[in-house]
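Both of the next two complexes hold subunit A, though its partner changes from subunit B to subunit C.
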Partner chain A sequence: MKLINIIRRNKHPYIFILPFFILFLVFKLYPLLWTIRISFTEWNGMNEPISVGFQNYKDLFNDYMFWDAVYNTIIYWLVGGFFIIAIAMLLSLLLNYKKLKGLKFFKVVTFLPNISAAIAMGLIFGMLFDQNLGIINELLEIFGINRINWLTSTKFSKIPVLTLYIWRFVPWFALVILSGLLKIPIEYYEAAKIDGANKIQQFIKITLPNISRILFFCFIIVTVNSWKMFNESYILKGPGTSNISLFQYLYQSAFTTFKMGYASAIGVVLIIILAIASAIQFIIRKRNAEI
Partner chain B sequence: MRSNRIKFVVLICSVFLIVSVFSSFGVIKASENEYPEDVVKDYPEGTVEIYGYGQPQYLLEYYNDWLERNRDIAPNVSIEITQTEGAADTREKITMNSVAGDYESLPDLFYSDPVNLLALAEGDLVQKVTNFVRPLEDKMVDGALNQATIDGTVYGMPASVRPQLIFYNKSILDKYNIDPARMDTMQGYIDVGRELKEKSDGEVYLSYIDPGHYTWRYYGRRGLMPQAEAKIWDDEGNPVIGTDPGAKLAFNTLDTMYSEGLLYKTEIFKPGLYDATNAGKIATFYIGAFWDEFLRKNCQETAGDWRVRPAPVFEDINLRGAPVTNYWAIANKPNGEYDGLVKKLWYDFNFDKEPREVWVKSMVEQNAPYANPISLEMLKDEFWKKPSPFYGGQSFRKMEGEGLVNGAPNLRITPQSAEADVIISAQLERYVAGDQTIDEAIEAMQKNLEDKIGQAESF
Partner chain C sequence: MNYKKVNYNSVLAHFLIIIFTFISLFPIVWMFIIALKSPGESISGFSSIWISNPTFRNFVNIFDKIPIWSSMFNSFFTTLMGLITTLFFCSLAGYGFAKYKFPGRDFLFYFVIATLLIPPEVGAIPLFIIMRKLNLINSLWSVIIPKAATAIGIFYMRQYIIDVPEEILESARIDGASEFGIYYKLILPIIKPALATWALLVVIARWNSFFWPLIFLRKTAKHTLMVSISLLPVSEGLSTPWTVIMAGTTFAIVPVIVVFLLLQKYQKAGMTTGSVKG
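And now, the complex of A and B:
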């Protein structure tokens, strides 16, 4: 009753947000609940699902391919996340450098990788990292280094995937960080300069604290992106499961081997991981009194 | 006496006249095109939707010409092809449309391999075509219906039955004074590779090896495994790949070629392999008839150098490669108004001689893919024995027909075949990457098949 009364009192705002909730219910919540239900069944997408209880979850924990996919995704998350944020930080500092000539041009060029089609870029990266014809190996040879089996060895196959992932996402994060840098009052730096602080001290004492919230936001987004990675590892596939991502394994289970129940169980695990990431973000922001 | 002669002449003339009149009205012609079902009727205005993979745009050329010839029954019908990534992608699209209840979006016709076709058939998403194709079985190459049949019911119309062939660069073999006839056996084939390696100082490779899943598909499922009479499952569906002597023979043969450096490691269907082939680094391609379009399309610099022969055999087993059959299937749409039309399309494509030959000539000019017909009658025609300039005057089409002789039976298909392929291929890929020996790979295949699938079911 209390809820109905609240809605009745604020009916106009609720009417405004109603379209979102309808779409959310139909396209997000219902599929999510359906996924959870299917994860307890054995289903090939055609016949009636057969209930198998927790069997899919038990199978997951004994499946080396699943663990390979989890391991790879953690690598993509940690290594990719670190480099994306670090390089984006450097790029945004450069783009925030007012004396840089052709600033607008650099801003546009910097953002280009992010708007390039992932699959097309994946194909180009595949050529770059080709063992026999790729330009990367040609360059290595110039420096006297032996050719590397980038995509045909289990040792190196994650590197092309990470490179493409970092290359594609750095621009977006650079712009987000740049928006934070632009909000820092110039007076802070002028005062620090008068106090004798050098550039590194200014960066550590002024820049980082002022963009810490933005960096945290970037970390959360990069976490979500990493766990949802698909295109990069799908196009630049390495031997076996050496560079498969969890999301790709989900797809493979659903649409190559047509084990929909099993794929749904992987989906539920992914949902839990992403829910934890979101919860951490929520708790920290609440603790910082941001919400 | 004279009146008898006159009567005889009149009789002959009358018979001749009747035959001529009936012929001109198409009665005799119609008897040549006896469709097993009533497919010659009026079809409503609309679009026939086809899901195809490979390079289906080339087939569209045939379809459009065919439509023009059939305007009397389909005056306002067009054909549209949706390109899919492969049979699994087609299955995904059909399954998802069906789950969503969007039957209108189902294709009228789709191409499929046997694994995905039988899975869709089990899900009741494919029409039975037994009554349509069974009466034609005697007119088709042997075993054309086998892999589309469950308990006597046929679900697919065979589009091609292609043999496993070995393509060899005659110029390279001549240069090193090697007789191609030695490649009639697997041991001979390996010995040729060794000799090439030695005489060329490692510059020329016997063949290629792909670091991805194609190694299992071509060297394994379609090639060495059936030829070695290998088994993935026993009759009860238990995995036996780890203990089966045939599987051991097949994998060890691959291991011999790979570990001795006879195979050039590069991705198939990628520029690396085209360049190596054009540079004369690859002496043979084994296995599959599809190398024909690969070579014609991408390796024109080597035109005239290539020849074809049937796949080599294991001496004690004496079986050539297992033929690859692809099917056209009709989706189970509630109001499939073009079911009859696509059956007629399939029939004419496979049994109407002249248009097929016109289309093949066009494909040859464009260096585009085509396969031999499945019709035995059509194959008798001289057209299918004509020399091919790309093969230095040898008839590729004739060899494609001869390659089917003594073919090995295909590996058994189960509802778990797609998953088994992923499991087996993952271990083979790790072997090719150098992470494990072939024995370790076989052991891991067995263990993972047991752990992840257990017992395979039957269709």
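And now, the complex of A and C:
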């Protein structure tokens, strides 16, 4: 009775926030729990699921395609993440450089890669990296390097995916880092100048320590983005499992071979990895009082 | 002789930013060039950079390969409906959290933020089953409804609405305005800049989204533009129709660039442009 009274008295705000909670329950929480349940069954999505215990997880462990996907994803995460953050750092420093002419223009133009659809850009990069037509190979030939079959070799097929991934995400991270750079008081630099510190010393002693938290935040976001990568590796598909991402392998298992139980087991592995990364991010953000 | 001192840092910075600009723009500009090529012209390597006979033929030819009208419509529809629903439900919930005191408010708000921990993608399989049960597979609403109210949107709107002075809400209440009326007639006009910023982010995300349309919209007539163009490379057997593909990607990329450039100015408008006057 008391609860009903509380709700009745505050009905407006409760009604205003209700849609979110309904959508959350139906389209997020329930599917999440259901994924865990399906992962213990064998199911093609149509017939009755058959309970198989931990069999899917055992199969995963012995599946070289799964390990290929894990390996590729780790490469996308670490190599991609490193280059994204390093290059974004450089770009943000440039965009924070007050003497730069046409700063506004550069800010807008260098952001365009991030708003361009990954699928469309993937097709364009596919042509740039094409063995015969591609401009990349022609460029390499100038330096005396033989044409490389980027997209049809198991050895190189991760490189176009990485390039696209880095190209699209540098601007976003540069913007995030820039927001941190703008918060550093200018007096710090003036004091350093008086002490005779050069640009590099200023960068190491002032800039880096002041944006270390933002950089860590970037690292967590890169982690989450990389583990759920799909578009880039889907559109620039290489031979076999040479550049498949883990999430793409989930998609393939579920929607082309209809092994729903097996795919759900991959989903649970992803849930665990992403939950750890997100939890760390959540704690950091809370500590920084950004919420 | 009086030499002006050369600032090497400045020269280096300009040099580097020009390289960044070149790398950012090159793939996009190059796409336009290839899309404008006539059949006989070279599309390989450096020789592809010059166009001698620009033609719009590829933009016409693409209509034979993919149902571009319906794809465009589907993309516009899902983006627009996604935008309207998100703006409405996020700002409404943001208003609820920002301007009312009710039991459990802080807990519920933290709960909303905490839901960000769960990426919806991991539940893709059950979500597909749910959509099938709701009879929404091959319905454009399947990609609109789940994202009608998002945690980030609510968080963002709340931060903005919290700064709206209490007094103007109180005076509206005294004048007999309903609670929803206050939201609709008072809050919405004030938070226009925040809505514009959020709108920009939503439009880009919805237009570019690929994964959900790929699994929910399986009929050709229901494909969005991204799904349609992703099928282009295999549409012609062995030889890849590059010029036509580039025409297709042009259709996919240009609308967001236009929206981005247009809203760029609007974004600058701050809280000050609202109707808040103490």
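By our rule, the second predicted complex is superposed on the first by the 256 of 291 C-alpha atoms of A that agree within 3 Å, B and C clash if a C-alpha of one lies under 4 Å from a C-alpha of the other, contacts with A are read in each partner's own complex, and residues count from 1 in each chain.
Following the convention adopted for this analysis, a contact is a pair of C-beta atoms (placed from the backbone, for glycine too) under 8 Å apart; a residue touches a chain by one contact, two chains touch by 3 or more.
No experiment lies behind these values; they were computed from the predicted model shown.
Novice: Which term applies to subunit B and subunit C once both are placed on subunit A by superposition, clash or fit?
Specialist: clash
Novice: In the overlay, answer first, second, both or neither for which of subunit B and subunit C A:62 touches.
Specialist: The answer is first: A:62 touches subunit B but not subunit C.
Novice: Per the contact definition in the header, classify A:255: touching subunit B only (first), subunit C only (second), both, or neither.
Specialist: both
Novice: Check the contacts made with subunit A and report whether subunit B or subunit C touches more of its residues.
Specialist: C
Novice: Pick one for A:17: touches subunit B only (first), subunit C only (second), both, or neither.
Specialist: So A:17 only meets subunit C here.
Novice: For A:151, select first, second, both or neither according to whether it touches subunit B, subunit C, the two together, or no partner.
Specialist: The first partner, subunit B, only.
Novice: Based on the superposed arrangement, let me know which partner A:42 touches: subunit B (first), subunit C (second), both, or neither?
Specialist: After superposition on chain A, A:42 lies in contact with neither partner.
Novice: Given the touch rule stated above, what does A:132 touch, subunit B (first), subunit C (second), both, or neither?
Specialist: Both partners, subunit B and subunit C.
Novice: Figure out whether A:270 sits in contact with subunit B (first) or subunit C (second), or with both, or with neither.
Specialist: In the superposition, A:270 touches subunit C alone.
Novice: May I ask you to decide whether A:113 touches subunit B, subunit C, both, or neither, giving the answer as first, second, both or neither?
Specialist: The answer is second: A:113 touches subunit C but not subunit B.
Novice: Touching A:6, do we find subunit B (first), subunit C (second), both, or neither?
Specialist: second
Novice: Could you tell me which stretches of subunit A are touched by subunit B in one complex and by subunit C in the other?
Specialist: Residues common to the subunit A contacts of subunit C and of subunit B are 45, 126-127, 132-133, 255, listed in rising order.
Novice: Write out the stretch or stretches of subunit A touching subunit C in their complex.
Specialist: Touching subunit C: residues 6, 10, 12-17, 19-21, 23-24, 26-32, 34-35, 38, 45, 90-91, 94-95, 97, 99-101, 106, 108-113, 115-121, 123-128, 132-135, 137-138, 167, 171, 199, 224, 228, 230-231, 234-235, 247, 250-251, 254-255, 260, 263-264, 267-268, 270-271, 274-275, 278-279, 282, 291 of subunit A.
Novice: Residues of subunit A touching subunit B in their complex?
Specialist: Touching subunit B from subunit A are residues 44-47, 59, 62-65, 126-127, 130-133, 149, 151-154, 237-242, 252, 255-259.
Novice: Quick check on the complex: what are the subunit C residues that touch subunit A?
Specialist: 7, 9-10, 13-14, 16-17, 20-21, 23-25, 27-28, 30-31, 34, 43-46, 48, 89, 92-93, 95-97, 100, 102-103, 105, 108, 110, 112-130, 145-146, 148-151, 154-155, 179-180, 183, 204, 207-208, 210-211, 215, 226, 229-230, 232-233, 242, 245-246, 248-249, 252-253, 256-257, 260-261, 264
Novice: Would you pull the subunit B residues touching subunit A in the complex into a rising list?
Specialist: 88-89, 91-92, 95-96, 98-99, 119-120, 122-125, 211-212, 265-267, 270-272, 275-276, 415, 418-419, 422, 425-427, 429-430, 432-435, 448, 451-452
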